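Look at the two complexes coming up: subunit A is in both, with subunit B in one and subunit C in the other.
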Partner chain A sequence: MNLVINDLTKIFHKGAAPALDHVNLALEPGIHGLFGRNGAGKSTLLGVMANRLLPTSGHVALDGENVRDNEHALARIYLANETTPFLMPPRVSAFLRNEGRYYGGIDAESAARMLAEFGIDTAAMYGGLSLGRRRIVRLVAALCLPVDVVLLDEPVNGLDAANRERFYRLLIESYAERPRVIVVSTHIIDEVAQVVERAVILDRGRVVDVFDAGDVASRATVLVGDDARVAAFVAAEGLQPVATERMGRLVTVTVRGGVDARDVPDGIAVSGLGLQDYFIRVTGADDARTAAGDGRISDIVDGKER
Partner chain B sequence: MDVTKKTIRSGRQGRVMARRCALLYAAMVGVGAVLAMAGAVARYAALRGGFPRVPLFADWLGNGGASNVESLMGGMLFAGGVIWFVAFVGPELCHGVARRPLVAAPALCGTIAAALSAGAMTLAEIALVDQSRIVSGSVWSRAYSLWGNDLIMMPFSYRFLYAWQLIPTSTGGIEETSGIIPGGWLFLAMACFALMLMVTALGMLAGAAVVWVCEGGMRRVVPGVCVTVAACVAGMELFLFNSSVTVYWVASAMTGDVIRYMPNWNERHLYIAWIPLVESLVLLAVCVLIVLRLTLRREVHDSRRGLV
Partner chain C sequence: MRFDFSGTTPLFRQVAEQLGEAIVAGAFAEGEQVPSTTEISTTYKINPATVLKGMNLLVDQGLLEKRRGLGMFVTSGARRRAGDAKREEFLTARVREFVAEAKRLGIDADELKDIIDKGYAS
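On to the complex of A and B.
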């Protein structure tokens, strides 16, 4: 089972910048983290995958079937985001039952157990729940439906720390019970880094990197030292700078790939990056250039100079 | 398999959606039927000389009778289309329902609802007219006297019980009319169905248009309102405040009332039920095509823009 996104472009208004710009992705069963800055196109991508938004060009295919207006494929895809998929808020149990009608049933027992962990009674009125609890109900529905693709758009928005941990645990348990494609789009990267297997970074509608979350240390290296010395080393080794920060003569350069500390000359400090830091560097390249303004080290992202 | 081709396959979601659509139209027809029944019972009792007590809200149904029922059921079917596209299509898209069935379902359910409404109204009126004949020995009973004794003043579908009516220009009242023709009730039912089908189609179009306009923000709302106002004014200028005989003739013919002008400008009105029936089918087809085009581009943005 695989979900393939092929050359997907989405332009909302004529003449506007594309919200998605020739996105290509292949998602195998696993928990995928979808990361991007505000306005990067994460929600748009998930919306197109769930047929709520229409692509300008390109397509999304599930096991070779185009999902656009294809109920056979869409019956296997569920998107949980801020949009409440009903008009009048029903009871929680009625909401779960209704979702089950569309997707061939719902694991009511598991749903009740999960909700009980969060202290939510299935007999409660959805409208009477707090913002966070309403979000939890929709997340539980997403995890308990028999679908092959679960798309979670900022799932932990509004959840307190304890409930976030609870959710991550239930997410892993649910995946272990039923391996499928799960895409989690979130800004709380450090927390979800422990959960996701693969990371997809989106920036201004383009995929800038896709990698195994455990290999993030090999994606980039931070070099700190004298501006001239670091520049010379980067040029000599043919490294690709991703981001640059300057403080006087001291420069911090993030370069693509791993760098062996034994190869680094004295006076230059080497360190790895966590997922969040790597994400910030990769997507903050233009901000850094704007701040620095001197371009002594080119800001190159994805092998192309901007 | 060529993945670039859109694969239109209906599934479980479509069936669940169709059930909800059917329930919506059933509810609209049901509410209308209950109110209409209250009025019919009141009129029936009045014909038999009784003075039934009816709730105040149903009082108006008992007086005029059939024309109010036509308006009532037509209004409910129109509202059904509007409610479907404004309130239901968004949630259905969130559940993986394809866009094409979202138009096919209300078209089919609306057509069935229109047929059922027309059938029920016809049967109710058959009973009432029969009762009126029993009471007064004439079709021109108390039940109809409120409209005067003029077919033009009758509810839309009633005139098709008759083949023709002669209206002299000097008096403006009926000089002559044919009796209820054999099969007249069939023609009444056809005309009633045509009317119900038209409002169903227009309701769908209105609902889809409202959503399309609102989705576009002020860029579409302002021109949309202007176009609507302009269309209403143009329609009124053309059909209401126009003394052109040709325009009047065409407008009448479009309702199934074909006028033949005789010497001294006397008018012989011929009632042809096929005309509104064919028009209603054409209108339904046109409305469905337009609504389909609008709905195929319908999107559900996240809650920042609202679901409805």
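On to the complex of A and C.
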């Protein structure tokens, strides 16, 4: 089972910046994190993957089959996002049944058990539920359908802390029971860092990095020490700095890649970066910078300057 | 078990360390089954692949063994081996760091030995 995104571009308005800019990705079964800032193109990408949006160019293939207007492939892909169901079903059970009808049956027993954990009765009126609870119902449906690709767009928006925890646990349980392609898009990274296996970072419509979430320490390293000493070490080792902060003579330099602590001379402290910090550096903290060659890590990750 | 999600030690290594420590402490006895990958991953909300990677590290170190269709078990002699590994790590890496730090602070060897002796005496 694999989902391949091939040179996908989406332009909403002629002349506007592309929402997706030549995106290439290959997804195998696993829990994937799709990370990007507001407006990076996460929802657009998921929308095209589920054929809710048409690409301007490029295509998405599930096991080699183009998903565009392809009922067979689309019956295997489920997208849970902000949109409310077309016809508001009267009861939660009716909503689950309807989704099951389109996607090859639903595991009603598991759905009822999961919903009970959130204190939601399947006999409850769907329209009478709060927004957060409606969202939970849609997430539970996503996990209980027999589809091969589950796309969850900002799943934890509007969920309280206890329910987010509960959702992450059910997500892992559900995946362990039936491994499949699961994509979780979010800009809240700290919480899901340990839940996802792979991280895909999207910035301004482009995939700037894809890596094993556990290997984030090998993507970038932080060196702290005396300005001259750190500069000499960075130059001698041929490291690529991506961010520099100064405070008097004390300098903090983020360089690309991992650095073996044993190679570092006395007087320079070395540390790795958590996924969230890495993400912030990759997606550029300052939006005002537009000039090419500004040293953003995303340029370097691609191996080309914009 | 406690995990440091924002730290810089890779999570799979933390999983291996925590399980290793539990074996040294005797929480998982030799010949006993350890919790399954799924159990650990759902309890701590850690990706199953990460947990498996950590467990495989312990298989490589000879602390755990896979029994097909049953799960992971603590090997016989695991407790001693895990203890040895901890001692080894302490004597090499940790002591070296400790001495380097003492040097940086201008503490000479005799002074350090004195403090260590005092620590043992108390």
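Everything below uses one rule, namely that the second predicted complex is superposed on the first by the 277 of 306 C-alpha atoms of A that agree within 3 Å, B and C clash if a C-alpha of one lies under 4 Å from a C-alpha of the other, contacts with A are read in each partner's own complex, and residues count from 1 in each chain.
The definition used in the following text is that contacts are C-beta pairs under 8 Å (C-beta built on N, C-alpha and C of every residue); 3 or more make two chains touch, one makes a residue touch a chain.
None of the values given here were measured: they were computed from a predicted structure.
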Review point. Thinking of the overlay built on chain A, is A:Thr252 touched by subunit B (first), by subunit C (second), by both, or by neither?
Key: neither
Review point. After superposition on the shared chain, which partner residues are touched by A:Thr186: those of subunit B (first), subunit C (second), both, or neither?
Key: neither
Exercise for review: Please indicate which partner A:Thr283 is in contact with in the superposed arrangement: first for subunit B, second for subunit C, both, or neither.
Suggested key: neither
Check your understanding: So, does A:Thr122 touch the first partner subunit B, the second partner subunit C, both, or neither?
Key -> neither
Check your understanding: Which partner reaches more residues of subunit A, subunit B or subunit C?
Key -> B
Practice item. Pick one for A:Thr244: touches subunit B only (first), subunit C only (second), both, or neither. Key: neither
Review point. Does the superposition put A:Asn163 against subunit B (first), subunit C (second), both, or neither?
Key: neither
**Study point:** First, second, both or neither for A:His59, with subunit B first and subunit C second
**Key:** first
Review point. Once the complexes are superposed, what residues of subunit A are shared between the subunit B interface and the subunit C interface?
Key: none
Check your understanding: Can you name the residues of subunit C that touch subunit A in the complex?
Key -> 3, 5-8, 10-12, 37-38, 41-50, 53, 100, 104
Revision key, fill the gap. Within the complex, subunit B is touched by subunit A residues 4, 6, 43, 47, 50-54, 59, 61, 64-66, 68-75, 77-79, 81-87, 99, 101-104, 153
Review point. Residues of subunit A touching subunit C in their complex?
Key: 30-31, 165, 168-169, 172-173, 175-176, 190, 193-197, 213-215, 217, 266, 271-274, 276
Review point. Which residues of subunit B touch subunit A in their complex?
Key: 1, 3-14, 16, 87-88, 91, 93-101, 297, 299-304, 307-308
